[in-house]
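Before I ask anything, let me first share the structure, which is written out below as structure tokens.
We just call them A, B, C and D in the order they show up, numbering each chain from 1.
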Amino acid sequence: MSGWRGSLLGVLFVASMSSILVYAFLGYPELGFVRPLGEFYLFNTYNFENQDWWSASPNAVTGLLWDYRGYDTLYETMVFYVGIVAVAMFFEGHAKLTKTGGMTVIVRATARMVFVFILTSAFAITIFSIKTPGGGFQGGSIMAIAYIAIIVALSKGFLPEMNIDLEKAHIAKIIGLALIAGLTIVPVVYSLASGSVAYALQNQPKAWAPFGYPTYLGLTSLSGGLIIPIQLGEMVHVGMGFTIMFLLLTMKERED
Amino acid sequence: MMIATAGQLPYILVAIMASICIYAALFKSNLFKKMLAIFLLTDAVNLLFIIQGYRLGNSIPPIIPPGMDPSDFASIAVDPLAHYFVVTAVVIGLAEVATLTALIIYTYKHYGTIETKKIKELRG
Amino acid sequence: MNLFYLVLIPLLSIPIIYFTGARLNGKVGYAAAIAPLAGAAQTALLYPSLLAGEKVVSEIGWINYLGLDINFNLSIDGISLIYALSISSVSAAVCLYSVKYMDHRISELGLEGQERMRAFSRFYAVYLVFYLGMIGAVISTNVIQFYIFYELILISTWLLIHMFGYGEKERIALVYFIWTHISGMLVLIGFVYHYMESGSISIESFQGLSVASYLLVAGFCVKMAAFGLHTWLPLAHGEAPTPISALLSPVTIGIGAYGILRMALPAVADLSIWIALWALVTIVYGGLVALTEDDMKRLLAYSSISHMGYMLLGIASITYVGSVGVVYHYLTHAFLKAVLFMTAGVLMMQLHGVRRVSMMGGLAAKTPVAAFFLASGFLGLAGFPPFSGFNSKLIILTGAFLGAGDPTYLAIVAGAAFSSILTIAYGAEAIRKSMFGPARDDLKMEKAEVTMLIPIAAMLILSLVFFFLPWLVWVPLGG
Amino acid sequence: MNPLLVQAPILAMLLTLLGSFLCVLLGMFAGRRSVELLSGVLTAATILLSSLALINVYLLDGPYVYFMGGWPPPVGIPYVIDRFSAPLSLVVSVIFFATMVYSVRYLEKDRDVKWYYSLRFLMQTGMYGLLFTGDMFHIFVMLELMGLSAILLVPFRKEVKASVEAGIKYGIYDILAITIYYLSTAMIFGMFGSMTIAEISAKLGGYVSPFSGGIFADPSALPVIVALIVWSFAIGAAIVPQHFWLPDAHSMAPSSISAILSGLLVQVNIAVLARILFDGFAAGSLPGSAVGLQLLVILGIASSVVGAAFMLVQSDIKRLIAYSTITNLGLITIGLGVGTPLGVSAAYLHIINHAFVKASLFMIAGVFIHATGSREIGALRGISKALPGTSLLYTLGTLAAIGFPPLSMFWSKLLLLLSVLSAGGVYPYLVLPMVVSIVFESIAQIRLLAIIYSGEKRAVNCRPSLPVILSIGIMISIIVVTGLMPNLLFEFGRLAAEDLLNVSGYVDLVLKSLNYTAP
């Protein structure tokens, strides 16, 4: 399909397809209002009067992510895991990282400082995600940047010095996943053990399902039940996943 | 005959963008362009979600400020559900890109090209 | 008497034969013959109650779904009895006959050692599936059951032709499969359509005229190889291993007539004169081609087409006498055509695979027994007493004359009656060419196996029995 | 209610989830035997759990809804375990177990099996999720999970050129299909303000939800949304004219994966489509969404005839079986499109029967390919004399595939014909293309069988080991047994169609079975 025929086909296809879609959209309401279900989440997400319906998270999106529609997010995380597997499956078996060394003390110290700084901000974004914008995925992306920055700035040879290699990254990633899966399964196990009603990934107790994770860490600091630990798990998973992808995609092939 | 009003124009933008992306994904012969088209289609849909969850006027993000009454908050914040869908779809989109990129790189390794017209070991 | 033994004995024999057959070498054929022999014995034992006018039924439930009440009931009435009797007796005879024949055929195929043993067990296991299909089809009480057995016939004969046939056996087997499968699908659609209209799947419920009946007629006519739908038959029956031809040609394709008699008579009544004309064309065409055919087995196959035409004529008459004639002719044709095919097989073995009639000559002196069998078979088919072919053809033609309303129809029937001469012609021609005339010196002749001749004689004797005792046929049919 | 029975399907999902990353961990430290052991144990456990769920749904408590995170719909995600989804989930478990046993020896020469088992587990999770879920957006996530793992498993032997090509082809089209589905979810969100399938049909019937209100857009857009959904699933389920990726992907994947792709993945797509159309859009009663059913019938006819016609000219055994899948999917979609209880139950039974038949055919094809070292049909000449047992199993599988009575697929094909004939209108004429496709398919299959049974005995590279034969034997015996006892099968089909077509019952089950007061 070359030349004008291709263009004509393109124009025809786009014109007909978009007019069909526009026809569908003509019946849609004008923009600018929030549908009742959205208002429901906004109203209930941190509403002390109605604790049957709350998610104990002032950030409604975070509440949706790991409470109201947590089961979606669980498998969204697994989809991301498939993405990592894709890269690992195709590009694994390459040379292992070897320490090349030879950096000056100043460079090493600066790298460590920057590294720790970025990691800290990743943790902060994850942990405070119930009150501010952020979350496990965002924190994980930033965490990966800590490693990627080191690779870009100081070459991959520096990573072993920071005790990073692929195997450890995999293990850390799996620990993160195991944390998420474990928190998902706990209510189910509780239900099996006690015979009471509890649902997978249940966060706060409800009138019809009494099981719940503690809302507060200690006395006052809000944990959102399972939200913060599960976000930490996701952060590790995502951060390590991105690091693995980046390491594998930038490595040279082994000669064999 | 219904006429689109000004408040519906973003829908039309989405419709055109989605159509172009579907066309490109189906008919472009470069694998990478196909992948980009699919990714842009995801973005068109994300846009559709966001515009449907947007609130006109003095809207605030869906994070309840300390001390605000929930019913006040519910009447001014934007739709968290639309944001939630977009956040999820973005992560999924990343996984798609990782998968397809890995496959495209391997296709290039095997065939030395990413033009679908030149890759025809299989008859389809 | 429980009819399930008719199905159960072959069903149980199949795995036994398949898994233990390799140890017994060729002798496994004798073990395999137990099932059809038992079937023949049981059908013979059913005679008293059938003669008393009873109908034997055995019932068992199977499926009940959406008003689709599928029982696994079996029943035998007059028609079924005659059919079951001819199926089981011919199958038993052919099974005994094939012990030696397959020994020879498998050697011809070049199978040695373990392969050879396995070929025997495979042949007889599939043979029993074939037998099971035929006997099951004629004692079924509902169409699902009938269709299951009908398809069993197809698949087993396909395998037999495919594995043990002659010539381009694989291609021919495929052609055979395609034709017969199309027949099966037509029949199945007819059944489904009938169920839609009447809500019943019992074979007895096929009384009224509907689209289903036409579909059934079309499907069964493919099976009967009526003119135009016959192209597969000479190929398949010519190239099948001879014992299988001896079963396929008379016994299997006649089940098409059974199907029409039971389920599609209204459509035939509607098209009576056209079907009679079709039958006449089939008779004449089959006879004429048989007259010019040189290959012994093909000649017999075309003769089968011609005789299916007679059965179609009897069906087209829509008279009671005609139907009796059809069933009678099925029985006769089964015995006599089996005699002919088996004799042809014996000759092929004796002559190292020579099948062309023109290559034979003066065999009467060398192998008088085979010559006698061949002559009696052809005479019987042509309708000479003292073979049952005389009775059956007479009854069919009587029925057809009775059913003929207008002069055109009468002319058709007269033409069919006159066409009997064709049978005599090709029979006489074949006998003249092969048995008489100058003996050919280039033909090496083996001695015939006596064990192969006994089943042929048995078939011939049965044909005699049914000539002298015609009431054995017509009393169960309600005469 | 016994909590174990209630939690069983979810536990099966979570076990496969755990398996997916524990496999990788074990693969890195303990070697492949332990990975195989873990996969075997976990897949066996899923069979147990799915049967528990099935028993619960059929004999004890009846259909029920599992509220993920304890949230009633539309706030949270409901999982509907009813008589439509529970039997299919057992089929998924059984086929995954059989292919698991099969792959232990089948993949002996491959490296990095930990990724293989891990992705298999994720695909299984995705299938459970798709079968049970009652939420449109969750379907999107699960489609991605199932689709991406399948896309990666097709080029698992990445050294093979053509398998990578098949993988990228499948990847592009499947992900495009899922993204089109994502577009339709956004449109549904705009129209209904909720993603729960049950609320869509309820709102179309005038229901106003205490959580999500009524309808926000003109329902005249409904046909467009339905058409988009049908289009996306038609790509995912390889219905003509979007079938071209299937023969490549299904023939180039390792046979254990082809068995799953061909036997389960496309059928799960169809099952989800049925759920959305019938329970979500009330396609049986609503003229606006009936367009989906008409589309299905038209596409189904094209699929069945084109697939069968292409079967006649194939020279590669796995491509032949893959085209047979397209044919049978066409028949299934015709049954669904007819939309009567008989048609839906016939389609449902055909899904189940076809799953077992097609999976076993692909598994045996894998044995043949290993034994002969070639995928060409001609290379199979004489294989029956070298591998008589396997050939016997293959014969049974083929006979079932061509609808030979009384094997299981005969019954579903019979019911499909029956349903088309009894539907009235122009539907009875559909018998003609259906019969054409059935006859074509049987000719192609019998031709293959004929080649297997002809020729001299040939030498083979290897003989199938006991686990391989055992796993195939399980499948074939299921085919034979269900064929001989169709009563049981019919009962499953009838009840599944009842649950699927009873829209108000479904809506009540999802929206009203949890006892709460709305805020």
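By our rule, a residue touches a chain if its C-beta (ideal position, glycine included) is under 8 Å from a C-beta of that chain, and two chains touch if they have at least 3 such contacts.
Fair warning: this is a prediction, and the values are worked out from it, not measured in the lab.
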item	value
Chain nearest the overall C-alpha centroid of the shown protein atoms	D
Centre-of-Cα separation between subunit D and subunit A, whole angstrom	30
Geometric centre distance via CA averages, subunit B-subunit A, whole Å	18
Rounded Å distance, subunit C centre to subunit D centre (Cα mean)	45
For subunit B paired with subunit C, centre-to-centre distance based on mean C-alpha positions, whole Å	69
Of all residues in subunit B, the ones touching two or more other chains	18, 22, 26, 52, 81-82, 88, 92, 95-96, 99, 103, 106
Sites on subunit A at which at least two other chains make contact	21, 25-28, 35, 37-38, 40-41, 43-44, 69, 72, 76, 79, 81-83, 86, 89-90
For subunit C, residues contacting two or more additional chains	none
Chain-level touch network, classified as line, ring, star, complete or other	other
Touching residues on subunit B, where the partner in the complex is subunit D	18, 22, 25-26, 31, 34-35, 38, 41-42, 44-45, 48-49, 52, 81-82, 85, 88-89, 92, 95-96, 99-100, 103-104, 106-107, 110-111, 119, 121-124
Footprint of subunit B on subunit A - complex, ascending	1, 6, 9-10, 13-15, 17-18, 21-22, 25-28, 30-35, 37-47, 49, 58-61, 63-65, 69, 72-73, 76-77, 79-84, 86-87, 89-91, 131-133, 135, 137, 245, 249
Subunit D contact footprint on subunit C (complex, rising order)	62-66, 115, 118, 144, 147-148, 151-152, 155, 158-159, 162-163, 170, 173-174, 177-178, 181-182, 185, 188-189, 192-193, 195-196
Of subunit A, residues touching subunit D in the complex	20-21, 23-29, 35-38, 40-41, 43-44, 50, 52-53, 67-72, 74-76, 78-79, 81-83, 85-86, 88-90, 92-93, 167, 170-171, 174, 177-178, 181, 184-185, 188, 191-192, 195-203, 206-209, 211
Contact set on subunit D toward subunit C in their complex	342, 345, 385, 388, 399, 404-406, 410, 414, 417-418, 421-422, 431, 435, 438-439, 442-443, 446-447, 450-451, 453-454, 457, 486-487, 490-491, 494
